[in-house]
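In what follows, subunit A forms one complex with subunit B and a second complex with subunit C.
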Partner chain A sequence: MVLERQILPYLQWLLYGEPGGMGALLRFVLVLLGVGLAALVIGFLVAALRYGFARGGDMTYRTVSGGFVELLHTRWRRVWALAMLAVKEARRRRVLIALGVYLVILLFAQWFLSTDYPEPARLYLSFVLTATTYLMLGIGLLLSAFSLPSDFKTKTIYTVVTKPVRAGEIVMGRILGFTIVGTVLLAVMALASYVFVIRSLDHTHEIDAAALKTINIGGEMRGYDGSTDKEMGHRHLIELDADRRGLAEQDRGHVHEILPDGEGYDVSGALGLMKARVPKYGKLAFIDRNGAKKDSGISVGYEWKYRSFIDGNTQAAAIWTFDGLDPNTEDESLELALIVRVFRTHKGVIGQPITGSIKFRNPETGQSSAESSFLALDQQIDEMSFARAMFDPDDNPVDLFEDLVTDDGRLEVIVQCLEGGQYFGFAQADCYIRQPEGDPRANFFKVNLSIWVQMVIVIAIGVTVSTLVSGPVAMLFTASFILLGFFRQFFLNVATGQEYGGGPLESLVRLVTQKNVMVDLGEGVGVTIVKSIDAVFQGFMWCVGQLLPDFRSLSAVAFAADGYNVPWDRVWQDLTLCGAYVVGLSILGFFLLRTREVAR
Partner chain B sequence: MTPNNSLYRKIAYLGGIVVLLLPLFWLGQPATRGGDEQSKGGVLEQLRDEYELGQADIGAIDPASEAIRLATLGARGIATSLLWSKVNHYKMTEDWTGMEATLKQLAKLQPYFIAVWRYQSWNLSYNVSVELDDVKDRFFYVKEGIKYLKEGIGYNRDNPYLLDDLGWFIGNKIGRADEHEQYRTLFKADDELHAPDARPEQRDNWIVSKDWYQRAVNVIDAGRKSIGTKNPTIFFSNPAKSQINYAEAIEHEGAFGERARRAWETAARMWRNYGTREMMSSFGVLIRLEDRERWDQELKDLIAELESLAPGLRDQMEQEAEDGLTPEEEAARAKTGELSEEERVLRMDAEEKLQITPQKLAARIAKDNPEKASTVRRLANEIDAANKRIRMIDSNAGVSNYEYWRARCEFEQTPEALKAQELRYQAHILWKEEGQQREAKALYEEAFDLWAKAFAETEGMPVDSATGGDIMVFVEEYGELLDQLELSLADEELGDKFPLWDLVEVNDQTRAFTEALTAYKARVNAAPKDREADSLINPSEALTDVYTPRVEQGDDDADGEAEPAEDEAAADDGPAAAESE
Partner chain C sequence: MSDEVVLQTRALSKVYRDFWGRQKVRALKALDLNVHRGEVFGLLGPNGSGKTTTMKLVLGLLFPTEGEAVVFGRPASDVAKNERIGYLPEESYLYRFLTAEETLDFYGRLFDMPADVRAQRVDALIKQVGLDKARKRPLQEYSKGMTRRIGLAQALINDPELILLDEPTSGLDPIGTREMKDMILELKKQGKTVVMCSHLLADVQDVCDRIAILHQGELKELGRVDELLTIADVTQIRGRNLSTDCQNEIRDVIARHHGELLSMNNPTTTLEDLFLDIVRDSEARPGRRTASVAAAAGGDAATSDESGTPDQPAS
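On to the complex of A and B.
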């Protein structure tokens, strides 16, 4: 699968971040301090303007200190009671209609989906999970943004605030209540989508026994071969043993078990449609054609820079270094997976794959295995198995684990392209050690958990904003937050000047004057003014960017669609992030609600 | 404002609405069909009917498409832009499944937008397919592009652009790609692309392509759609060209004899029909490519008629023109070697003066015989028109290489060419698969002799054409075989028997035979009359007479050159002569 960013171990992510980067905890504290400081300054300035410098300062101090004391007196019993109130309110607002909408989407999805693709499971999973994501975000948005403003408008908030509850408890109660409603909806949708995918893709085939050919070796009947009938746009090649048992070969990402049934055959349903491969990734480095070490290979001109390439029949190689292996393992083999992107500068022999080689090396001693050749399966996962008993280049026996894995568990895998004028392209995630596969249902649950995280963040934002503004404004604000969250990286790139076309004002000027992003605006007073104003905008955008949740990277849909297990490190990171947003926004919501007359 | 004023105003508005509804009703009245009362409907309905603007007239109405269009709530443009950008993103990140699924959504959003079908089907068949390494995977996406285009035709039936594109994809992409051998096999074997009862030859990509091209042509012929900006000369030639390609392909793959002959015969018939089709030329005049000879004759007759009005006048004018040249012009004409700029101009002026065009002749006749002026003017106009018509036919015939393909279809039908193809195929098999080099050599030589004879028999088939290039491939194979036998065409005995030297002379791109050719020419020049080649054709004659490309000759020369070839064919008295008669 495409993994543009490496998933760090949870503690490293929390405390240190990527090399040269910042841990998530420190980032959270800095953002909290920044937002807190900004709120303090703004609050003080407003109070000072209204009541004078000294009284304003006193009021600010009292609000902050009183607020924190109040927060410390939060009682979960009251929060729970308010949450239940929010659940009742959501039910009254007929939130269950969302389930009807979802069922309608699933009902009509067959119009737009087809099993006639090379990877139908991928298409179906990504469709249902993406639909669930958008629907859940929409529900979160509508529930949270209109709740408090509606209470203010209808004065029903007074029935709450006249009870002994605190502002913080109201905010948290709403967040919790809507989260419970969303969780129930999500659970039903997840179940429905799982059944939908399984039922849509499940199928079987017929086998015409008379059409099968007998395999005879040395006059002895060894089995049968042939193919199944065509179902869902594909047919499988089959090879059966002499007892007429066997497997339909993999096609469209699945197989079928075949058993004899009287004179005919009984073909099982599709097996392996949903997978949860558990990869162990290594670190990728390259050697160029002259044998020098490089961080990346060469570019063959693709716009997408995800993979870089090594040239064939030279010293160029891709080297993955794996760690955490056990040199004393009892395993009889090493299970490896390799994805090769083939790039040809000439056709070669048409229909013949390009040959590559793979070998293992001890990074400390330099001892290596002899090269094994393989035929490159372009853009497909080639699952290989290497027996631990190997030979070195001089034909001396070596043990893969004992001799080639270092004492601290490191092993190098070296891949080369053997044909001149042809290239292999690799990214770090293209080679991994295959660990026992996970349960696809558990994986499906984890992907839905990532949707849940996104929903909770939206609810927290919606409730927080709705403490201050009216329902439609809160909805617009939250919707903008979601939209910007989906394009966070682009937003930050604009803020930091990494995108072509300048800041927002410069973009506007270019739109109006029909100058594309590559045209130089030239120099002059007007341009200087535009750029100066943009500098202010960009600073503001950068600040907003630090608060935005990156909804794209929070989505784990690609894992399920591509058949990979969502690592637990990733799940904990998402949950931590969600917790941070809920805590931060609850505090902010509490102070915002306190500014309302009604909640004091 | 009184309450009454407000009431009157509302009544006036209501009245206005009712009045405006009447023309709306008149304009938009729907048609009623069937039953006793039949009505053509209002103006809008009639216009819709006339220009086939109704959805049902365009093609299939798909509930899914309608649903998705309605579901966008008027934001179809935005949705389309987003999907288009998503397609580009998927293409960049090589997510082919995602890309194709998005393309289908895109098509459902704008099913009657022809450019989308054309562009994206091309994207799949040509751009995505080449991004995959395995030939079967490549074919899968070529097929997906074809299926996408077919879906587009379902929505937009009778669209000549889509029909023509489909003919091109199935013909050109399957039959001309580097992987065409594998693609053609996969295409034939694919059940999705053919009717279940389709016979094997109906599964040939060129035949299927021909059928789609023919559908496009039929749409135009029936007047259901306009040809738009497509070049008619190319557009109408496509079905016949596919048939030609089919005939070529089956011969290449080892189908000979009657089957190949029938294929070429059909191709020849279709090509002739194409030549007799009336087409709009690029100058906006209707022409027929086959009319070239008729117009030549017409022109000759007109000039003869003009000259008959004043017998001897042309000779007289030529003499006068020659006498009227200045000494400087005469000197410039007579000078050999390099000319100065001034001399070049003088020579050009002299040549112009000496050229007695029908217009000059007509002007002179009208001047000398005023009573014949009106007849002369008419003839001059008709000559001018005939000349223009010939130029237009030549120009359009050049676009489709009409004369060459007409000759090629005749050439390939000759028993000699048919047999030669079979022999060279057998020679290749004998050599490459069975290792029988000597036997293969004999078959190659027999094939070359037959080809030489076929060239001699077929009028208008030059050796510097694509046919020559195709045969050159086999000559190169033969050269390679000779190398293995430690022989060479430079050997006197072999070289003298080889009958296709002129073909080699113009087609030897690799210059592998330069030495052998030079040696052969030297021998021919040294004793042209003493040599008797063992081949069916005397090579020296072939080199000087028979194979001279006629397209490079003037009309008179071409007529002159045709005779020896015909004589030889007649003299041979073989099946070829009988066939050509």
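On to the complex of A and C.
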């Protein structure tokens, strides 16, 4: 699974952030102060232009001071009343039709989604969860952007604001109401999609008992082997014990339990279709072909810098250091998983995987195990089990936990590519220790929770924007926010000059003059002017970028689709982000609504 | 009526501007008003005179360009003042997908009223405005009159001290108009302060203690209705069962004192009273209206006009 950013422990994320970075709390406070200051300056300038400096200043002061006093008078009964009104309004606007749309999507999906796919669960989960995400974001957008403007248009807002209702209560009531509606819809969709996936992929196989071969070892009958019939585009190899019990081997990401049933066999439904692997990640470092330590491997020319590579049949190696292991554990084995990105400079033997080696080393003593070889298929999850009783390179016995794990729980895993001219590519998340799997249903819930978080953020943005502008404009603005949110990193890269082609104006110049992004624009007054204007643009873009929610990072669909557990640290981070957006946007919406004339 | 001022405007002005801040229209020019506790105050004027703008400024729906509006000693922009205010807008801007009960319950919640108090108040108001049978129907099924009544009920949900009514009789039939006026007078009896704006002069005259006449955003006249309407140099004499001789004698007396007799004839009732009497009679005695009944009803109407309607001027 691709994990571009390490998931930090919640408190570290909240208070300190990544090493050399900033904690989320401090970032939130800084953004809030920045937006507040900008709003204050803009508000004062507008008021000063209309009413003069003295009165404008007085009005600004009153708005701010009175505003905070009003916030203290927030009453939940009013917020709840407004929330329930929003729920009724949403019902009146036939929001439940969305469920019908979702059902139609699922019905049509059945035609196009193939079960004859290497990982059908991944395909199905990815589809239903992505569809749910986009549908929920769309619903959140439409509900939130048009509600308040509609109240302004029909003037029903007159009868609300002439009651002791604070502007913040109107904003919060709307956000809460639409969140309730969205939550109900999402719950139904989540349930429907779960049933859809399970029911679509569940199947069984027939076993022809007569076709099974007997396994005889030393004249003694040890069991049977053979295969199941072909169902859903695949068949399983089977191996049964002498009691005719056993498992159909893993294929398409699942197994079946086999029990004798009279003369025949009873094959269970698909087991392990949905997984919730719980990885324990280590820290990755590299050794180059000459044996020197490096932070990253070499580039093979991919633009995506997520993985770097080691070259085969050299000293080059990828070394993961795990910590927190128990040297005194009584476990009999260490469960490891490895994902290898194979880059070939020549075909090698057609259809054959590339050979690599793996060994364990004590980072303090340097004592290591003998190398074990493995066959690497490109981007496949290779799940390995290493017995604790091992041998060192000199064939002396070593205990994986007692001898190779340090007293403070560290262990190194060293991976090399053994074939010359071939390369293995690794990222930090490509090797992990497998811990007991989580509950796939709980994981499915957590992924839907991440969709919920995105929906609530969209609702909060939509409601806040709609306090100021008409419905269609609010919808466009919110949609732009979502779009930019999906490309936040690129947007920030442009703002900070990390992308080729310069800022927006330079990009326009390049388009018009047909110069690609690598061509130097040269020097001159025109170029200086363009770059200066871009500098202002980029400053503005950077500021906007700080406000954008990173919808790509917020999505946890890949976790469920790839069969990984969503860590609770990640869930709490998402919920905290959601709360920060709701609080920040509610305050902003409060002041926007409070400083506008309700009537015309 | 007491001397306590519940609503005050000081040099209240409003200029409407376009998006670029350019002046479009000066809707209100330096309005100074005091409304006292317990009075029914009318804002009178033709369309575009600034009545509704004044009302919106007082409610905080608009921000003044200059001057200020003070309600219960608080600036109009202070939301806390709304605790003691009830407002009936010109059109009943209510959520049409709610029923009458839901509507009043919703507005009750906005006043942070506890559930039991709210339920009691909702029930009482629905009965008061005569919507008991329609309490479960969504407002989109209501007639104009019913909508105005539920609008008034929502304005009264918090038992307000000051009630602002924007064109309260607008769009109502004569019965509804009379009921609305009766309700305003009832509110006055309860000690409430009512500020209403209207361009229906008869309505204002019937219920208001004091009026302000606005025209083109400026205050043109302010005072008690009875004082403003009194014609100082004209004396009105009304009598019943006067013979022709008696009438001639009165003429002679006026002539002897060098007065000018403007008119002496039988007074007429108002069309409103006539209409209401006919409807009441129809309700009491369904069926075709006969000549005798009509005469009786007409007689009743004529004699019921005890308050007096100004005589027709002599042609």
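What we mean here is this: the second predicted complex is superposed on the first by the 566 of 600 C-alpha atoms of A that agree within 3 Å, B and C clash if a C-alpha of one lies under 4 Å from a C-alpha of the other, contacts with A are read in each partner's own complex, and residues count from 1 in each chain.
Please note the rule applied: a residue touches a chain if its C-beta (ideal position, glycine included) is under 8 Å from a C-beta of that chain, and two chains touch if they have at least 3 such contacts.
Since this is a predicted model, take the numbers as computed values, not measurements.
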Q) Of the two partner chains, subunit B (first) and subunit C (second), which one does A:M172 touch, if any: first, second, both, or neither? A) neither
Q) Does subunit B (first) or subunit C (second) touch A:L135, or do both, or does neither? A) neither
(Q) Tell me the contact category for A:I310 with respect to subunit B and subunit C: first, second, both or neither. (A) neither
Q: Would you check which partner chain A:V160 touches, where first means subunit B only, second means subunit C only, and both and neither mean what they say?
A: second
(Q) I'd like to know which partner A:V2 touches here: subunit B for first, subunit C for second, both or neither. (A) first
(Q) With both complexes overlaid on chain A, does A:S114 touch subunit B (first), subunit C (second), both or neither? (A) first
Q. Between subunit B and subunit C, which residues of subunit A are contacted by each of them?
A. none
Q. Which positions of subunit A touch subunit C when the two form their complex?
A. 49-50, 66, 70, 73, 75, 77-78, 80-82, 84-85, 88-89, 92, 154-166, 597-599
**Q.** Touching residues (chain side subunit B, partner subunit A) in the complex
**A.** 63-64, 67-68, 92-94, 96-98, 100-101, 104-105, 108, 132-135, 137, 140, 178-179, 181-182, 191-192
Q: Could you pull out which subunit C residues touch subunit A in their complex?
A: 17, 21, 56, 59-63, 77-80, 82-83, 85, 87, 89, 91, 93-95, 97-98, 102, 106-107, 109-112, 154, 158
**Q.** subunit A - residues contacting subunit B, complex
**A.** 2, 108, 111-114, 117-119, 122-123, 126, 230, 233, 303-304, 306, 341-342, 344, 347, 350-351, 353-354, 376-379
